[in-house]
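This report concerns only the one structure given below.
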């Protein structure tokens, strides 16, 4: 007896039972059968055909009424069966693309990885999660020979694969700059020229670049149209925006930038982020920046890495576990 | 009267007609209705429900038999409806990824594009078609100041996005070599070191690199494990393989290559290709290289560009219009 | 917001059927049509099976909920099981633990209108999901 | 290989129904079951509609074909219409000209076993597709 025959007998028996008792258990059986059929790639028209065979067995006297009326339904189900198969095919293709992107994402991660520099002065935490598999956000830390710590955070407008391709280029370019001897505004001006020359004109990049100099205790920074970060003053117990004027990268090769600075005291905190954090949506409504601060406040007493992890988990849930944009959050606490 | 009500009436009328006449026209109507329902996102369980309502109207006296027996089918269809919705969601995601890859592919095309050099001596045709949207095959022509024409053809093992990412790197590296003063074997040795250092160890690249020197009329070439091309001797009217020994790129940083040469006479033809051409499959059986020659022979009298286009179209059809690997074919005819 | 609660403890497979029956009865009384009754019942089935298969023990409870202009059925599934480590992944199509197409928690979310989940590893999972009468 | 041909000219929508009817009759005589009859008829519908909508005029012909161990129905759709420029695209899912899901030529290929198409722009299209009795 082949499986098809077993299916037919089971189905007929279950249907008969339901017709007699109309109880829930038979319906639970129906659900389990149909789930197992889907797994076995049985198409909906075959399912309807099975039902017809069962009906004819149960009501042999109704043959002349059941047959044409149910055959009509069967014919109509063929289109549903076709849609089912088309979808299944797409699903297989999707799995193939997914594994391809996974390899590309791994390559990208290897290429773009950035270690948090070791320092007793600063407690640094960072989380960067792509909305899809490839990350269009970028962050990078470098500790120079003189102890200067430089921090880059950037966001390609657009996401996914094309954004990731551009990011690799940025990384090659940044690596070629001489170490820490340039001011933050000249770094942005140089990288702007590279982007303008090499990246598709439809693509823009926002970037925030900062250098922390341990000898002065100051943070020097410049921004190319990037989402402002937050500065928390431990003395005033207040948050304020870290703003700096500057055009996004890739628009005008002659754009120039300004360097601003912040004096960091013990307990002060710098928060850098991309718009994937501030533009979280809840029920299709953007949250606002004060809401981000409220969430950060809840976890600010924790070590930086734990704090950013908690903030991320909060917004992940808020968005029903489906990020709409790449999410990058850096927290830097001055410890001494 | 809302559309749902119209649907119900239409369906009932059509079903009634079919039950009375059992003719083909009503079944054609059923097909058209179900297609339009799928477009309107009506799920299979709703379709079955519609059928139940129609049956109850047509056979009011069978109410007690129709209702439970058909309700059982409806319950079982819920799982099919869920599968349908899951597939639909995947389909939307797929469209999003597709348009993303399209942008990336356009970027790649811009980055990797290679013009056929202008020369009276050679008639060059080239076709390169990716199996998916992004091409893991690479080809490039350069005409040096001394008239030397260099030709590169390469294939990343693996295809799609990760292959394309590696290709961009190869392109950057090749562009940085000094022009035409290196022999073909030293070019491969240099590029091998770049690949070994920078590309994921799981990835390999095969490459064939050649230089045609107009002053000697000779083609100098080296191969890094690349699919052998074909040389057609006009005098002998015979094809033979263009073979050259050498390890694929990226395995051993110290690999060395040999330079071979061919004397080209008027009417001689060089054919370079990737394994996407020779490993075409028909009904899951690989064709063999002699079959490729047979197809090329059919079109060899045409100008090179037309010839490669025709050969491509032949293999496209042979594979049921679904390429399994990137397909690159170059034809070079010596004209004088 | 009117409130009236009933619940079923899930311990053995038979309890899944009891939860389905209770949920279907409530949905019918609220005024849901046959197709929606079947959908709600399928969602209950999925939630109860998850408890039965992965937590071993848990509870499904039902509430009639009332908004300004309509009412609905709220289903809560609670367990003290192993919890879910990566919620984003579990909520993604094609990752259903029950392996089937269209099943698992994404299926529940589709069958219902509102959906919320809280899960902690080694502490358990609570899912609340609502379907509104249209 | 046994051979017996019948054909229907497609000019108006009514001819689609005639083609379906002839094809279904032949499929039934060969011994196909109800579900396969319905699938073959749907494939014929799709081919005939394509002729009716895009070429204006054409022909559907049927052959009973015989292999070593089974027989089948072969359907040939011919027109002298505008032809198809990008066959790879037309054969890809989701590009169906009729816009619907699962329809178009990929649908025909799924419903049948063998499928071959030749098309030249401004000259027309010929499709031959076979379903074998299992």
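Just so it is clear, A, B, C and D label the chains in written order, and each chain counts residues from 1 on its own.
The rule we apply is simple: contacts are C-beta pairs under 8 Å (C-beta built on N, C-alpha and C of every residue); 3 or more make two chains touch, one makes a residue touch a chain.
By chain, with names taken from UniProt: A, B = Phosphoserine phosphatase RsbU; C, D = Serine/threonine-protein kinase RsbT.
The model shown is predicted, which means the values in this text are computed figures rather than measured ones.
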> Both chain A and chain C are touched by which chains?
Replying inline: B
>> Comparing the two chain pairs, does A-D have more C-beta contacts than B-D, or is it the other way round?
In response: A-D
> With chain centres defined as C-alpha means, what is the inter-centre distance between chain A and chain D in Å?
Replying inline: 44
>> Centroid of chain B to centroid of chain D, CA atoms only: how many Å?
In response: 27
> If you look at chain C, which of its residues touch at least two other chains?
Replying inline: 41-42, 94, 100-103
> Residues of chain A that touch two or more other chains: which are they?
Replying inline: 27, 31, 35, 38, 75, 78-79, 83-84, 86-87, 90-91, 94
>> If every chain is a node and each touching pair gets an edge, what shape is that graph: line, ring, star, complete or other?
In response: other
>> Please list each pair of chains that are touching.
In response: A-B, A-C, A-D, B-C, B-D
> Residues of chain D touching chain A in their complex?
Replying inline: 34-35, 38-39, 41-42, 93-94, 100-103, 106-107, 110-111
> Within the complex, which stretch of chain B touches chain A?
Replying inline: 14-15, 18-19, 22, 26-27, 30-31, 33-35, 38, 44, 47-48, 51, 55, 58-59, 62, 65, 68-69, 72-73, 75-80, 83-84, 86-88, 90-91, 93-94, 97, 100-101, 103-104, 106-108, 110, 132, 158-162, 165-166, 168, 172, 200
> chain D touches which residues of chain A in the complex?
Replying inline: 45-46, 49, 71, 74-75, 78-79, 81-87, 89-90
> How about chain B: which of its residues touch chain D in the complex?
Replying inline: 24-25, 27-28, 31, 35, 38-39, 91, 94-95, 316-317, 320-322
> Quick one: in the complex, what on chain C touches chain A?
Replying inline: 16-18, 20-21, 24, 41-42, 45, 87-88, 91, 94, 98-103, 115
